[in-house]
Amino acid sequence: MENEELSKLLHCVADGIISADDALLRIRQKPFEDLGYAKPDLHRGIRQGTAEVIYGEGKTPEQISGIASSLVKNGQELVLITRLSEEKANALDAKLHLDYFPDGHIGIVGKMPSEKVGKIVIATGGTSDIPVAEEAALTAEALGNRVIRLYDVGVAGIHRLLAHTDDIMSARVIIAIAGMEGALASVIGGLADCPVIAVPTSVGYGASFGGIAALLSMLNSCASGISVVNIDNGFGAAYQASMINKLR
Amino acid sequence: MENEELSKLLHCVADGIISADDALLRIRQKPFEDLGYAKPDLHRGIRQGTAEVIYGEGKTPEQISGIASSLVKNGQELVLITRLSEEKANALDAKLHLDYFPDGHIGIVGKMPSEKVGKIVIATGGTSDIPVAEEAALTAEALGNRVIRLYDVGVAGIHRLLAHTDDIMSARVIIAIAGMEGALASVIGGLADCPVIAVPTSVGYGASFGGIAALLSMLNSCASGISVVNIDNGFGAAYQASMINKLR
Amino acid sequence: MENEELSKLLHCVADGIISADDALLRIRQKPFEDLGYAKPDLHRGIRQGTAEVIYGEGKTPEQISGIASSLVKNGQELVLITRLSEEKANALDAKLHLDYFPDGHIGIVGKMPSEKVGKIVIATGGTSDIPVAEEAALTAEALGNRVIRLYDVGVAGIHRLLAHTDDIMSARVIIAIAGMEGALASVIGGLADCPVIAVPTSVGYGASFGGIAALLSMLNSCASGISVVNIDNGFGAAYQASMINKLR
Amino acid sequence: MENEELSKLLHCVADGIISADDALLRIRQKPFEDLGYAKPDLHRGIRQGTAEVIYGEGKTPEQISGIASSLVKNGQELVLITRLSEEKANALDAKLHLDYFPDGHIGIVGKMPSEKVGKIVIATGGTSDIPVAEEAALTAEALGNRVIRLYDVGVAGIHRLLAHTDDIMSARVIIAIAGMEGALASVIGGLADCPVIAVPTSVGYGASFGGIAALLSMLNSCASGISVVNIDNGFGAAYQASMINKLR
Amino acid sequence: MENEELSKLLHCVADGIISADDALLRIRQKPFEDLGYAKPDLHRGIRQGTAEVIYGEGKTPEQISGIASSLVKNGQELVLITRLSEEKANALDAKLHLDYFPDGHIGIVGKMPSEKVGKIVIATGGTSDIPVAEEAALTAEALGNRVIRLYDVGVAGIHRLLAHTDDIMSARVIIAIAGMEGALASVIGGLADCPVIAVPTSVGYGASFGGIAALLSMLNSCASGISVVNIDNGFGAAYQASMINKLR
Amino acid sequence: MENEELSKLLHCVADGIISADDALLRIRQKPFEDLGYAKPDLHRGIRQGTAEVIYGEGKTPEQISGIASSLVKNGQELVLITRLSEEKANALDAKLHLDYFPDGHIGIVGKMPSEKVGKIVIATGGTSDIPVAEEAALTAEALGNRVIRLYDVGVAGIHRLLAHTDDIMSARVIIAIAGMEGALASVIGGLADCPVIAVPTSVGYGASFGGIAALLSMLNSCASGISVVNIDNGFGAAYQASMINKLR
Amino acid sequence: MENEELSKLLHCVADGIISADDALLRIRQKPFEDLGYAKPDLHRGIRQGTAEVIYGEGKTPEQISGIASSLVKNGQELVLITRLSEEKANALDAKLHLDYFPDGHIGIVGKMPSEKVGKIVIATGGTSDIPVAEEAALTAEALGNRVIRLYDVGVAGIHRLLAHTDDIMSARVIIAIAGMEGALASVIGGLADCPVIAVPTSVGYGASFGGIAALLSMLNSCASGISVVNIDNGFGAAYQASMINKLR
Amino acid sequence: MENEELSKLLHCVADGIISADDALLRIRQKPFEDLGYAKPDLHRGIRQGTAEVIYGEGKTPEQISGIASSLVKNGQELVLITRLSEEKANALDAKLHLDYFPDGHIGIVGKMPSEKVGKIVIATGGTSDIPVAEEAALTAEALGNRVIRLYDVGVAGIHRLLAHTDDIMSARVIIAIAGMEGALASVIGGLADCPVIAVPTSVGYGASFGGIAALLSMLNSCASGISVVNIDNGFGAAYQASMINKLR
């Protein structure tokens, strides 16, 4: 594995993705740093093309600050922190200069890429799905993708969705986000000719069972070309959508 | 309760629904006959406007024949038998002169009403949902309703459904039947201005869990005006649709 | 679809449901307004006979105020807001002149229709089911229906239900609301000759699983003529009941 | 434990339940015989007042014959075998002189008690529940109880149940057996003043989930005085009902 | 039904259970009082031998006070209120002179019966099950039964249970209360020769699923003579146990 | 929609995907043919870039033959039939000249594309997952993709997977197929830098619950870049993988 | 990893576990053979101390024969095949000289070890659990362990278990196998001072849900020192028990 | 049982595990003390080699203090209290001189053993699993075992785990702790040659269902030699691991 990693790293240098000096630095490092409570992955950028992301839930502000600092110290330019509550965001080490986006519970250390490529459409069934959608949209933007937001286009008033057929037909990948019965994914899947990643949300009550109804609905879609991520997993959908959007 | 039943019965005579002689006969009878293994309800036609129906599953051919004979003997003109397998249909007492409809697993003793009223639209998501749809359609027709069949109009190709907007907009009540993710009910619910009764079917595999995915989807529909019956319960949907269709 | 909507609109003018001036206004508008976080449906009254309703849960007071204002501005006379907590109700834009009904968590902008038609009976198994029942009752009244309330008539003391046989036999549609084992729906379904819409509630503990026991009970009812809506969905039951009650 | 068992045994002799000779024999035996594949409990009659019962499912005919022979050899007068298919019944050792009851899948070695005491009412919701009811009825009779059968008295036609109020009010214990939504138990529980043991059955389809709907319904009954046994467990209900019926 | 109720009432007078004056009063009343939010059952004492009980959860202090006052006013001597939180107990109408038992969340209006009969053994698997056990014990005592408490005798140290074999063998009925895996019921069921009512509790974590593990365990017990009530339903177990204990 | 479809069609002509004559023919046709039992979608090739696929399960041989003939008659060159049992394959209309692939239960009318592009890696955890993998592999090949098969590389012997790191690192998209605990998807997701589509299979027993364990495992993967399709849905994974693989 | 494997191999030679010649042979081989449909692990004996085992379910006789032959050819002395039906056993390649054990559905190529060490007690709740117990017992014996069988010692007659206290107290590890409510594991766990591995079985009906009740019961055991394997997984329990039994 | 206990006790004296004086004291005591709300097991140290442990959840500080005092008074040197919140720890009887470990919610009365034996490796998938891991680690250390902590070595970056192959290969027993999809257990199970005890944690969201996904994943592991304990049950895993680690 050593050789392969090295070869990938050198290709990154050749392609100008990282500098020769940074490459040198990384070759000298272990592929992860051991903080005791965490072992941040310093080579993921090389191995998978996207740098390590911090999942904020279940970690203390001290742990998040420690991991983020380790990543920054090791040369990662943008550190994305997901599922970060406003309280925790305020409690992070001030030296990180965090930008906090409350709608999507996202924190960013470093700055958003200015150039964005391709086209990812993010559609929601209703207004209540927006927090998940913003987690997805901000993640996709942080990873350098151009994002179109189509919110509240659920199938109860299908003309609202049909009014945006142009966006749907010109997307490279679509993220369809819906709670309750999650039918949005099937309808978009039937219209679009690009991959659709469906995100069930925990929006609903009673027999929606915290998103299970939407999840099952999406897994059983009669439309082809749809795959599904975990309930409320806006980040995961955006991460894969970014991989797809950037394929050449 | 005696008085009320009697009053209803007399109104039925006044309205010509049953003859004075039949009324006399019924007044003299007990409200059910005790066959030991079953107690067929002889007054349901009076009490609820629709005569006793026999659910065929889990009964032997001898039991079905016995109940049907009791109902005929007590003056019921059309006996509907649901969930009747072809084998059992063949094993029933020949004196019943049963008409058997294999597509919907329905048997009828007596003859279908010639006059049919109103308009019930029955739509299915796919071809595999047709057995449930036929159970519903034949039940509705046996109860005297006019039925329009729209089969294989699932949301994966939504133009197939939109091509029948006229039928949907002119229905008095719609039965939406679908397996897999059951999104058909929500889309129809968003278009129609009449009550929609949704029937989840056990069509599907894997995480459809024998119809649970469609059932949950329909219960959580973001469209208003939808109610739901049990998985594969074409009969139940048609029975209620008939009640609604006949309201004046 | 354009033509059909137009035709419906003109019929509404002809029937005096909306004025010619309002009709003119609507023809000039897009069928929905895009607020970014929501796309309120301005033509639903034309398309489905009932104006847009706002589901308050999961929306901020600002979003609810924005949507309600948009609907009012576009000529909708009564705006119904469901699942509205007392806190949110107090935080809404004062210009809306909201009437708040705490028992059913319902807010109304505009005024209740003075004339009410038909007869919808709303029955509950117990005292604890009243919040769901009031959501249904207020919705039905806001939509112009006459409502009879029968509360705490559960089957543990069946004489309490039998004492109201008159109401049950004279209803055009019944909403049966119960938690725990939900048997009320079956017993009413066996007595009534009109459609019964069953609403399971999350009342109960242990193996009631937040309403699942009642939901399954109602879906499997041995009585015919019953359909079911989501757990605690008083609004949905009333919406469909109103559609049925108004059929001519 | 030795002393207590001995004391119970001597009381049985004193009460004439077993003879002095039999008692002597038993005192000399081990409390169970080890057949390798089974260890039949030879003292249960002494310890619990009811002799060992053989659950036939999952055992080979050879194993059943072996256990039954061991019990007979050790002085047990009536051996009850439940869940015994007709095929297995035919394959049992002929020396056992088995009486087979196909309706309840029960086999009996020895002869039914001629004297029967008390009054156990066994009611079913429908005709399809009869096999479970017969398992209960035959078990109760084999254990020496008087049984009243009320079959097909489900709540969809509640007058059929109310017509038997006398039996319900005079029972010492009632077994209420129903599939589908299982509401029968609640209605009987609301009427009766004796203990009610509810038996959910696997009768039903779709969202009845093989008896879960009825099981949950019965566990959540709003009526007091009801307890529940496993799905289709007619034997278990009858065994406990017999214990209760014989209390003095 | 009229006649039967009357006959029961007169027998109650004959047996001295209620006075002739009280009987007169009751004959003149309707069998329930309609408070709007509740319809307390005034004849249950006659019909089922035990007076109406108030389930406190989900009712407001005003509603509880209202129902209790109605029962007292109509001659019920002891009013049992279950699932009554300490806050609500303090908020009840002071005129009721409530006795509150915090361990079992039970409130009593009137006074505990001084004479107690029979023998109900109440056993728990652990210390954490005591609140459910006290709900059962206080209910049973309020209904006039003698109660033996055996707490913390779970199967992890089976000698603690075996040390109380005497109590188990001399009980008329046993209530076995346990969370986690609920094995206590099976072990007691294997030892006892009287009916065992099993109460699963929500004590546990992880895969105990709020009592489901214990519930399933008890429903599937390999021991005979066991029936089960809802999770944490100490009241229900005690109510049925009282019925059984008082059988003569 | 008319215009857009037309525009897409003309682009297809311009790109040589379909001939001018075929285009002419299609413009003259309705977008679907109504066979009564089915409404095959004749424009999906234009709308979504991939022609209509027939799901064989739950359809009769006559229905499958009818739909396939309709598609062929309307100019579709390759008709893919999935979930086709060997018996049904033999019963299809001989004029279709079907090629049947028993390992993946796939039938093909027309011939496999000779040119294949890109690189889709299909990996399975075990030997028993091969039927699902072959459904995916044949679908992907029928849609014109190059496929690499890596079978039996489950995590119990992780060196078998690591030995194929080259294939994993050079794939454009990977389909990870596994039953039991489905950990394969997470491990591949941690190694690869391309999108991974996970397919849970129903392989396993006991607590695998027909694939639910693997499904949940894949939905909750700690690795990023993974999305999931329904249990055993090799077709769906391949369909989306093909969309991704062909992105330029 | 190369070095470590080599070092382990050389230690095996030093300890006489494998011969120098065999070691040489293995060093020259790849760590697995690629049969296309399977990649048998040839180094597992070195890596994990126990040679590769073949899980027979879901594999064809040809595949099983191929894998077994590959293992034998590469020097594995005893090949264990689990979940092997009698039909498949008969269809295997005759050259394998398979010994088949129908009680546990186990096939063995090579011969059982003559020397057996330590003491593993295998206990079952009932007679119907024996097939799972034999899978465990034969696996443990094939891996060189001494096994004591205690069958049908379920808690319904706890004296049967207490009669074997000696075996339980002297075991190095115990496998407790039970279906229904699975209480056996807790009771043994409370008595024993060695590790207990619990195996839930699918024996039972109704709310046993194919072993889920027993599984949950065992996971929630109030006794310490118990861990659990999958439903019916006798092999897995025996494999781990063997690891534990052989620790020095 | 008396004799056996005595014999074990005398062996403990012979092996120097307890002093002759302590032995004398214990022989004179009852095997448990009855505190009313609890019956602490005073002989467990003799019977099972490990003294009684107090599960803190669901007990009041008074109850915990009472049980701990009883154990100390009866000669138990180290009392372990698990699931002890910081609030309760502060509220315990000060005379107990409790040491509190907040990371694992563990309290200890007495002092940690200074000598530790063997090697138990405790690995977690992520940082959020540390509380469960510390419950396990502290328990294992309190029982006298040497513990190696490997935290945050989840499979999303498998090189972090492979970097600790030495620890894994030299462990006597491994505890693998993971939430989300729980794949860590399978990967470790495939690498290690010692028993692996898997602990699913409730870490995760959406379809992780509070640890069910990880639990199912671990139960269905394709690797051999793995058994599983309840969700978040670090204590239970450590208790069994200690039993295994100390086997000679």
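Chains here go by letter, A, B, C, D, E, F, G and H, matching the order in which they are written, and residues are numbered from 1 within each.
Assume a residue touches a chain if its C-beta (ideal position, glycine included) is under 8 Å from a C-beta of that chain, and two chains touch if they have at least 3 such contacts.
The model shown is predicted, which means the values in this text are computed figures rather than measured ones.
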| item | value |
| --- | --- |
| Chain of greatest Cα-centre distance to chain A | D |
| Whole-Å separation of chain centres (CA-atom averages), chain C against chain G | 60 |
| Centroid spacing, where centroids are CA-atom means, of chain A and chain B in whole angstrom | 48 |
| Distance from the mean Cα position of chain C to that of chain B, given in whole angstrom | 26 |
| Contacts with 2+ other chains: residues of chain H | 1, 126, 156-157, 191, 206-208, 212, 215, 219-220, 224, 230 |
| Pairs of chains, among all present, that meet the touch criterion | A-B, A-C, A-F, A-H, B-C, B-D, B-F, C-D, C-E, D-E, D-G, E-G, E-H, F-G, F-H, G-H |
| Contacting residues of chain E [partner chain H, same complex] | 126-128, 130, 151-153, 156-157, 159-160, 163, 203, 205-208 |
| For the chain A and chain H complex, residues of the former touching the latter | 1, 31-32, 36-39, 41, 43-44, 57-59, 63, 200, 202, 210-212, 215, 230-233 |
| Chain C to chain D touching residues, read off their complex | 125-126, 154-158, 180-183, 186-187, 189-191, 204, 206-209, 212-214, 216-224 |
| Complex contacts: residues of chain E adjacent to chain D | 1, 4, 47-50, 53, 162, 165-166, 169, 172, 191-195, 197, 215, 219-220, 224-230, 235-237, 239-240, 243-244, 247-248 |
